[in-house]
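Dropping the structure in here first, questions after.
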Amino acid sequence: MLIKINGKAEEIKTGLSLVGLISFKGLCAEKLVIEHNLRIIPKEEWQGVVLQENDSVEILSFVGGG
Amino acid sequence: MLIKINGKAEEIKTGLSLVGLISFKGLCAEKLVIEHNLRIIPKEEWQGVVLQENDSVEILSFVGGG
Amino acid sequence: MLIKINGKAEEIKTGLSLVGLISFKGLCAEKLVIEHNLRIIPKEEWQGVVLQENDSVEILSFVGGG
Amino acid sequence: MLIKINGKAEEIKTGLSLVGLISFKGLCAEKLVIEHNLRIIPKEEWQGVVLQENDSVEILSFVGGG
Amino acid sequence: MGDFLEIAGKKINNRLFIGTGKFSSYPIMKVALEESGVDITTVALRRVNTGSKTENILDYIPSACKIMINTSGARDAEEAVRIARLAKAAQSGNWIKIEVIRDNKYLLPDNLETLKAVELLVKEGFVVFPYMSPDLSMARRMVEAGAAAIMPLGSPIGSNRGVKTRELIEILVNEIKLPVIVDAGLGKPSEACECMELGCAAVLVNTAIAISENPIKMAKAFAQAVYAGRVAYLSGIPATSKIANASSPLTGFLREDKT
Amino acid sequence: MGDFLEIAGKKINNRLFIGTGKFSSYPIMKVALEESGVDITTVALRRVNTGSKTENILDYIPSACKIMINTSGARDAEEAVRIARLAKAAQSGNWIKIEVIRDNKYLLPDNLETLKAVELLVKEGFVVFPYMSPDLSMARRMVEAGAAAIMPLGSPIGSNRGVKTRELIEILVNEIKLPVIVDAGLGKPSEACECMELGCAAVLVNTAIAISENPIKMAKAFAQAVYAGRVAYLSGIPATSKIANASSPLTGFLREDKT
Amino acid sequence: MGDFLEIAGKKINNRLFIGTGKFSSYPIMKVALEESGVDITTVALRRVNTGSKTENILDYIPSACKIMINTSGARDAEEAVRIARLAKAAQSGNWIKIEVIRDNKYLLPDNLETLKAVELLVKEGFVVFPYMSPDLSMARRMVEAGAAAIMPLGSPIGSNRGVKTRELIEILVNEIKLPVIVDAGLGKPSEACECMELGCAAVLVNTAIAISENPIKMAKAFAQAVYAGRVAYLSGIPATSKIANASSPLTGFLREDKT
Amino acid sequence: MGDFLEIAGKKINNRLFIGTGKFSSYPIMKVALEESGVDITTVALRRVNTGSKTENILDYIPSACKIMINTSGARDAEEAVRIARLAKAAQSGNWIKIEVIRDNKYLLPDNLETLKAVELLVKEGFVVFPYMSPDLSMARRMVEAGAAAIMPLGSPIGSNRGVKTRELIEILVNEIKLPVIVDAGLGKPSEACECMELGCAAVLVNTAIAISENPIKMAKAFAQAVYAGRVAYLSGIPATSKIANASSPLTGFLREDKT
């Protein structure tokens, strides 16, 4: 199944939730923020969001900046 | 009859045209520009505009400026 | 007897030593420096210098300065 | 015969006057100035100065400068 | 030298623009404009003083001069547009310097209202010159809106403080394809000259000339300084170095080598 | 305007002095001197290159120009005096610019040796112009020694850095009764103009003109900028203010009073 | 001295804000923030690099530090708002520095889009700090829109050029009732100190500290310079004079009067 | 940081020297010296006022402070030497700041008489600090004469004008192997900081501290600014650039590519 992660098309398996995606990507959930189809998803709802074909997911975190 | 000239209320006689007003005021028509009730009046129409009670007339000319 | 103290002529009694002069002037000897007739006099010699008519004495001390 | 011209040792023939030297060097006399053994030689005396062994001659002219 | 500025079909040889405010008399102003060979001058529009008969300033502007009307007095875009239309009706042409100012202390322009006025007046066919704060993002919008040039300030109007915004002016010159005309604050010929060396297309000077003891000489002096700065810009400003570079030759010295 | 500088009986109308070093050719230099109308120019004295036949620079200096010989190459007073005497013998006149330099990096003058040279040469009847560091105490000694003018530096020779010593130059202008001629470091017409606005009597420029892509135009540009700065100085430099002073009238606005 | 800056209920003792970009490592950054005693720091939000496991910068920010998220990367108001909302969702608080930049060369802010972002975000309850060009008219609109402070630039981001907009910053300090925080371009402690002497409420420094050979020492140095400048401002900047005023007494000299 | 200045065997940690003139009271001066941790301070020598009993300033100088006596009042080398000898006789040590001034308006030093005094006093075993005009050739002679440091002026004494001689100070720092201590004219902490960033070894401040509303705080502020400038110098002053260098990352932006 093809979705867009951070602007790039990627193949993922069907039925993955946001929590599953984070885990699959080897990321640490803490201090991440996720936008799913332009909607910000609070962390407590990540489990409930199951990714669909053509979804767009932005996974962001903080970096140094001035 | 009371009209407003350049923001100040003034008493003028009834039936005066813009040409008449200029003449009455002792001004030289050349290079003046007149706004009558917020409408710019071309010089060739000055004769035809007869002032009415409560009209507002702006008579402007050029001065030094930077 | 007339001597010059700090550029001004002053009348003092005869036979005064530098120590006597300091005492007479009500000054505190500590940290003063005295030039007698253009010669710097070490403090231990003050007692031995007896002032003569027309002598010139400079009595200096430290003040604030940049 | 060895003399020093502008700081460099040079071999010239015996009996040369300053005029002869200038001519030998192919220089134009006008606006040159010559110092012979640290003495400035006016142009009218150039003919009379005959160079001797070990003489020092400076031949100068004007150049651009700020 | 074949170098001229062209705006809206007008060839401008003299890159000094002179404002007509504050001269002690119109005849003196006229001579100052004539002798400095000015191509562009500014005037303002005001309510006539109906009680007195004053002379017409336009009679004292050399016929060779193109007149640019400023919208001084305007506090927002709407007022600026109203003044521009009146100016046009007075047959003084369609060159308009937009001045929209709400700040009475520093007379600094309101970039946003100025931009709105530019947008409106360009559509009505005016040739529009916005007096503005030297901000690149707003300058880019002035370009998009169709301004004929931009007129960033050097320092507050009439302050004679010079090009205090130099850093930003240089950026505008580099980034904006329109002529950059420094307007306001130039108090000395050297400052006008410096603007031209930076690559500005022109400068507008008023106070420093008009209130000088010698307005006529001062106008000519500014014109010469502007020309000089332009020549220097075109000829290439020489690089600077921290150390010296001899101007006289470094060889052929009359000296014994002291070793 | 009847304004001229007079030194040793010579009336100097053009307050731009031009040095002759580094021009790409003598003919170009000649035109630059002619077209800028220069009154005073400098040359240096060097050992002739006995192997080659070179042209005489003096043939390319307009006859109206007064020549000032510099003592470049001198490392102490004695060498400067020797060069001055040679220059005089070469019938190039008795105007001497003293340059005594021991510093090869910044080419900064040696004020003390320069002073000694001034003292000696004044006694021999020279008209002496010391190139110097802008130090008031030494400038006063130059006056006492009989210098014709003082020539403080703006920044290192050929550095094109401008009037970096402005603070000290201003003090010299205020305190020294002789003409103050800024020499060295002026890279742009605006900088020469600024010197004149400060009240300097003249400036000497060489590198910025000679190595320009357009030496002729640049010479004229500098001359105009110098003239402009002089006019501004004579007309009175206008006071500056932190806040604005309107150039257009502050009354007669076309507006309803918004209350 | 009981002097602190209060914004949105937060007491800020240290008027040096430090940005977290470009440090060679997070641990070094952490020590720099700790030892300089910084109260406010900025971070940016970026897409995670999904291929690698990187550390969380927030773990390296001292708990006493208030974090301000910048909207770097935003090219218009909409993008800035999106970033701000994401930042808030990430529980990093509601202090947002608006950066809307379309200019890739000078990274100059877009004042108009910045203003729009301020208007939107203030309504959503953010504490908003617009990074802006130093333009008074737009600064006034930022105030009306509810900004918590304004952050005018000193010179382009990371250019280390100092307070090149000094003239305009001074006007903002005088006219704007909000804290004025100079952001961008400060390369040396003296420049940060100068901002404070002008009356700015704070400065934000990043590049000059982060890329220094000694980021920790440099952070402390900037903090001290900022404090010094603040003290000088509060104590009253002494008036300047053209002439001297003796610091040692002018009487009681040891000297014969030489007449 | 293990960074200190060593002169004549004395380790100087604090590169701010404070002059003791013009304080409103000795007790305030004492606290200012103590709290700023000053290592070196200056005093002057004057005729006592024989009519009144005044306190001894030396009682108010912290014992850790090394005292440097200035020769203020001296108009030539001879007078300076006389003052120095008297100071030594008064057991205040042998550190002497030579001040030879004949100019009452700008209080500018007389470099030549100063040099003579240095030559004489070095031979008598004094540790000599000449206050001087920033002239390289004379500074080199001060070195040869055995000065312990050179003290060029930033601007006239007590003028608070800052480092107006920056160009020349930088050259001195580069060329002179002795410590360069800027003395006179520093009015704000940022200016003292700037001197240190240029590589000066120390600065001497008096008026700006002594006449401040808060001399104690101001003394500390100057000390911090001097330290900050020193750290910046040692850490390497970052290069400047005309264009920007982003402080936030230029990748990973949250945006659709708008094509």
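A, B, C, D, E, F, G and H label the chains in the order they appear, each numbered from 1.
Just so it is clear, contacts are C-beta pairs under 8 Å (C-beta built on N, C-alpha and C of every residue); 3 or more make two chains touch, one makes a residue touch a chain.
Quick caveat, the model's predicted, so the values are computed rather than measured.
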**OP:** Treat each pair of touching chains as one step and give the shortest count from subunit B to subunit C.
**Re:** 3
**OP:** Count the C-beta pairs in contact for C-H and for B-F, then report the pair with the higher count.
**Re:** C-H
**OP:** Please report how many Å separate the Cα centroid of subunit B from that of subunit G, as a whole number.
**Re:** 56
Subject >> Centroid spacing, where centroids are CA-atom means, of subunit B and subunit E in whole angstrom >> reply: 34
Subject >> Touching two or more other chains - residue numbers and ranges from subunit F >> reply: 19, 21-22, 44-47, 70, 72, 86, 105-106, 108, 157-158, 161, 206-207, 210, 247-249, 252, 254
**OP:** Hunt down the residues of subunit B that sit against at least two other chains at once, touch-wise.
**Re:** 6-7, 35, 58, 60, 63-66
**OP:** Return all touching chain pairs.
**Re:** A-G, A-H, B-E, B-F, C-G, C-H, D-E, D-F, E-F, E-G, F-H, G-H
**OP:** Report the residues of subunit D in contact with subunit F in the complex, numbered from low to high.
**Re:** 5-7, 25-28, 30-33, 35, 40, 42, 58-66
**OP:** Note which residues of subunit B are touching subunit F in the complex, please.
**Re:** 6-7, 35, 58, 60, 63-66
**OP:** Please name which positions on subunit G make contact with subunit H in the complex.
**Re:** 1, 19, 21-22, 44-49, 70, 72-73, 75, 79, 82-83, 86, 99, 105-108, 156-161, 187-191, 193-194, 197, 206-208, 210-214, 217-218, 220-222, 224-225, 227-229, 231-232, 234-249, 251-255
Original post:
Can you list the residues on subunit F that touch subunit H in the complex?
Top reply: 102-103, 105-106, 108-113, 133, 135-138, 140-141, 155, 161, 164-168, 171, 175
Original post:
Where on subunit G does subunit C make contact in their complex?
Top reply: 246-249, 252, 254, 256-257
